[in-house]
Amino acid sequence: MLFPTPVGVAESLIQMERDGRLWTGLGRSMLRLGKGYALSIVLGVPLGIWVARVPFLERAVKPVVLGLQALPSVCWLPLAILWFGLTEASILFVVVMGSLLAIAIATEDAVRRIEPLLLREAGTLGVRGLRLYAGVLLPGALPGILTGLKLGWSFAWRALMAAELIVVSGGLGQLLHYGRELLDVAQVVAVMFSIVAVGVTVDRVLFRAIETRVWRRWGLSETR
Amino acid sequence: MATLLPTRLWARLVPRWTLEPSRSKPGEAKIAVREVEHRYENKVEALRNISLDVHSGEFVCLLGPSGCGKSTLLLALAGALPPTCGRITIDGKPVKGPDPSRLLMFQDPALFPWMTVRQNLVFALRSKVRSRPRREETAARYVKRVHLDGFEGALPHQLSGGMRMRASLARALSMDPSVLLMDEPFGALDAQTKGQMQQLLQQVWVETRKTVVFVTHDVREALVLGDRVVVMAARPGRILKDFEVRLPRPRDPDDEAIVQYSRQIREALRSAEAPKGHAKDASAVPASGLSAGAAHPVGTGG
Amino acid sequence: HRNASSTAPLRLGYLPNITHAQALVGANEGTFQRHLGAVPLTLVRFNAGPEAMEALVAGSLDACYVGPSPATIAYVRSHGMVRVIAGAASGGAVLVVRSATQPSDLRGKKLASPQVGNTQDVALRHWLKAQGVEATVLPIANADTLSLFQRGQIEGAWVPEPWGARLVREAGGRVLVDERDLWPGAQFPTTVLVASEAGLRRRRSELLSVVRAHLELTRRWTDAPAAFQTAANDAFQKVTGRRLSDPVLRDAFSRLSPTAELMLPRMLEQAARAVDLGYLPRANLDGLVDPSLLEEVQAPKS
Amino acid sequence: MLFPTPVGVAESLIQMERDGRLWTGLGRSMLRLGKGYALSIVLGVPLGIWVARVPFLERAVKPVVLGLQALPSVCWLPLAILWFGLTEASILFVVVMGSLLAIAIATEDAVRRIEPLLLREAGTLGVRGLRLYAGVLLPGALPGILTGLKLGWSFAWRALMAAELIVVSGGLGQLLHYGRELLDVAQVVAVMFSIVAVGVTVDRVLFRAIETRVWRRWGLSETR
Amino acid sequence: MATLLPTRLWARLVPRWTLEPSRSKPGEAKIAVREVEHRYENKVEALRNISLDVHSGEFVCLLGPSGCGKSTLLLALAGALPPTCGRITIDGKPVKGPDPSRLLMFQDPALFPWMTVRQNLVFALRSKVRSRPRREETAARYVKRVHLDGFEGALPHQLSGGMRMRASLARALSMDPSVLLMDEPFGALDAQTKGQMQQLLQQVWVETRKTVVFVTHDVREALVLGDRVVVMAARPGRILKDFEVRLPRPRDPDDEAIVQYSRQIREALRSAEAPKGHAKDASAVPASGLSAGAAHPVGTGG
């Protein structure tokens, strides 16, 4: 078996940092993730709110969403490739399918959990239409939506890595793949470390910070 | 003549006071309730044959034991619940659906937790006041009116229960509704805060003279706040008595007159419950301070 | 880009294999671009035929060098969205094994083919069936095949050149089957040139230029094989970063011959095998080949 | 673009059912999943309990576990292939890495949440050693462990599908891959349906049933 | 002589009863507490100079206001908390760490929620009784002793608070500890259940004659249950009085004697609090029924 030495891994990391492969790969992956994730949020949050508010959508859309959520998002890849070829669009599609549903489900749940008193109050105060959605439903559901965003992020990240390993076209996944092809176990482990670093940073630093702020502002106990 | 003398003194001079039934007033009523009945799906007859006139600028308290339909009537006035029978008009127009001109307030202050006190007011005002500076100015004015100045920037969860209730009151008043409907708004407060809120509400009402319908099952609270006290009874929910409270303001819950009045009202309530034998499902209703058998009536403002 | 067809680049795909020698050389030396003139050209490399066909069907490619099996499968599955417009190469596929000396030695062993449904995969599975040998066929990318073969994790592989030659030279394999021996006249299509149906409709003139370039390259190969081999190796090095050693190069080209002929009957035979293997439903292949471009280009100029 | 027709999908499904590919693939996938998941439970639950009980392990092991959890499990595949080759072992390894950490983390959390009163009571009653682990810690943490098992299952399932798509060697992932390679969009969608069916069945039927039983027995409210 | 007459009659004959201080008994004490002091890390002096002898088979009640160190002393006896100073021996052996021979019971029954009542007992007995049938038999016996027969198969959450407490008591008794330490075990029960539990505990104790140290701040409870009532005071935690309760069992909390005794104890407590002026941090301690100023002492068994 090929085992990596700590020195080898460090050297490989430095090497990839020096010749820019690490940053190119990282940039490419993060760009894809950013696009796909942003799209998921833009589609998923309104979808979740609508499903929660429109009884017809709940009956028609929710079972589909729940069913598709049971599908590992990487399973969308073959279909995406048939549709879009081995292109950026296929990867994006998989990333979106990975996180969109989780975000929509969490949002729907969060909207349903909004204190009914607040909704009634909004009604008596004459808050309707866009103001109701943007001023009451969205902020009211925000703590729950954040949980969904976190979950969605982790799914999107997983989907991206799987897709990049299969559709080898730039990104950290490709670096990983090439490491394997070249039997370069040090590079494989070095890239894995980079992936862990990204994951931990986003999860512990970015999301933790946002969550803490929201929970404090919303006056929720921080026991989680 | 009575109102010229201080209440306490008057009470001493005339040892036995009795409340008088409300007399119908001239002019068209602001709120007119005509033969309203309501049955819930589960066949509970929450209201039977309710007729009531509330005139502009009146402060009417609905008083009654738990389950007598006070909340049901208030929801019907607010348009949140269409009664199964009868007609309700406000300013001559039938009530259909909720409307910001008839604000409903509950025990729970229902402030938006992610907005500061000021933002809560400003947000509500958005549908009423177009210009932003005027909104800010109105909000500041009403925050001051409920003595919350200095807490404009506080979030609801940083305030005490009483302060939250005051913020909620400020928000409701700032919307300048023509009718204010309040469902036991002080029911969840401790005795001291409750007393302060009653004083504040009196003061604000004297300044603004809104039409208020105020639900409570605290006899003294009703007497301290109301121009009229409408006493209701349960099973079926109906109006028992409609008293007029002619006492000068500000009133104190410990006034001799109020103490005597409350005794009279409690008797009325007892007599309504005692003789009728059909309290089959009495055990299903939580024991109330107003029920005949209770050793210590709760309805004494504490 | 529909109306701006004069400026939209023509997209041509190929695989970096010696069996795609015309594409390698043409791409490297700018032959295609020269024939296209002002029309820009985008060259796209794929790792395997099915991928390229996916791109063609998804509309991100206009023409492509590919094996006949993926082309046929794409034609059937997409209901006629691709057409074979010219032949490119014949031969150049071998079964290389580690130790087996006869087909029955492969019973129960693991064998590799480049990808499910590609030309070599169909050939291998058909051959195994015909020999009555049960073996496991794993679709493994050619690069992985080499390392797995070296490590003894697979017994053999049916691969296109130069992988066959590399397995022999670099991993000590033996050629058990040279596919040319299985066809009458040692001729069978290994690489063809396909175009998308949409491309044929909208960009016929540019595709004619491609066919012209293709024929020029084919002629060069036929006329001066040694020089063309070197040119192909230069291109191969540019694409993969690695130069094939001379023995490997010679070995690889020895089993491969250039041809622009369409060989429709052989392609139908290959398609029948794919149907037999369950890769394809039985279908009408009448429109699979579109010889009109080839005919137009080869027609004596008037 | 290739679009599947409902009839085509149904036919493909029937076809695969008839010629046994569906059952072989399903069987192969479930066998792998079963092995990997069982291994994850056998390793993850004790690991979680130990980490919760041994302060040294908490300091030494927990950060590693949390960090690795941020690594999409499919990223283990290149390393696994370098170690075990394109074999069953590689797939199993990825499945285990996918669910082991989630199970361990949930178990640790669940053990920490055990009512301290019960632990003190166990102490005064002289419950120690194996009896403490098997009789108090494990059942006390069971509701939380179940949540972890569910999460772990979903990760294992996702990891398996990704691995089967990359290392094409039997299983539903292979059917999906073949569908794509042969440009057979009906087969791709048919296999996706099968995957959804498996996911929904395990999640909604199997886990729901177990959870309901445990929650009822443990006297916990079922508001989730 | 007094004990020959029924308590009620006796109380009527001799209108004024007074409790007498405990006399030291011959023989070695089962539990010997010698000059124990305890300070928590935050410098609170929870116990100062505590010396106490408990003889085998005695039922000693520790009584005192909130914060007087009752729980601290009990934890020290259980070995769950080593006191900063002094010595505690049980059967002559110094207490070191918890031990199943000294069982500690709290308000919360701490039953394992996933085990039935029977399983809870059997599980605890596993470390004591080797044979499985004997364990089952012992468990059944103790379940019966606390009148839970018929509920062996019930899960804790299916039982009422009182029943849970009885199950917990059964489990403790089944372990046959030589000392039973109980920290306000009935503090969370409603008045009626509490009374039943006191009767049950009396009955069980009469049958088993365990050595019991029982903490409470309910004066009547202490008098109903204890052979001795050790009255403690707070800041610093210390022993104020040690009374002997010589009344026949079963005792009733409404006995004239107990009512009189409780008055006497309450006076003792009051006198301990009143003169001393250093109740600076009194407000930090939750108001207790035993504090001097309370209008309605809570310590009347309900």
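Worth a mention:
Read from first to last, the chains carry the letters A, B, C, D and E; within each, the first residue is number 1.
The criterion applied here is as follows: a residue touches a chain if its C-beta (ideal position, glycine included) is under 8 Å from a C-beta of that chain, and two chains touch if they have at least 3 such contacts.
A quick note: this is a predicted structure, and the numbers were derived from the prediction, not measured.
Shared contact partners of subunit C and subunit D, listed by label, are A.
If subunit A is disregarded, contacts among the remaining chains split them into B | C, D, E. Chain centres here are C-alpha means, and the one lying farthest from subunit A is E. On a Cα centroid basis, the chain most remote from subunit D in this structure is B.
For the pairs A-C and D-E, the larger set of C-beta contacts lies at D-E. The mean-CA centres of subunit B and subunit E are about 51 angstrom from one another, to the nearest whole unit. Subunit C and subunit E have Cα centroids lying 91 Å from one another.
In terms of their C-alpha centroids, the spacing between subunit B and subunit D amounts to 58 Å.
Counting partners per residue, subunit A has 81-83, 183 as the residues that reach two or more other chains.
The multi-chain contact residues of subunit C, meaning those touching 2 or more other chains, are 54, 57-59, 144.
A complete list of chain pairs in contact reads A-B, A-C, A-D, C-D, D-E. Of all residues in subunit E, those touching subunit D in their complex are 78, 80, 98-100, 102-104, 106, 108, 110, 112-114, 123-124, 126-128, 155-158, 171, 175. Residues of subunit C that touch subunit A in their complex: 46-47, 51, 54-55, 57-61, 143-144, 147. The residues of subunit A lying in touch with subunit C in their complex are 81-87, 168, 181, 183. Partner subunit A is touched in their complex by these residues of subunit D: 1-2, 66-68, 70-79, 81-83, 157-158, 160-162, 165-166, 173, 176-177, 179-180, 183, 185, 188-189, 191-192, 195-196, 199-200, 203.
On subunit C, the positions that touch subunit D within their shared complex are 50, 53-54, 57-59, 73-74, 77-78, 115-118, 138-140, 144, 148, 151, 153, 278-280.
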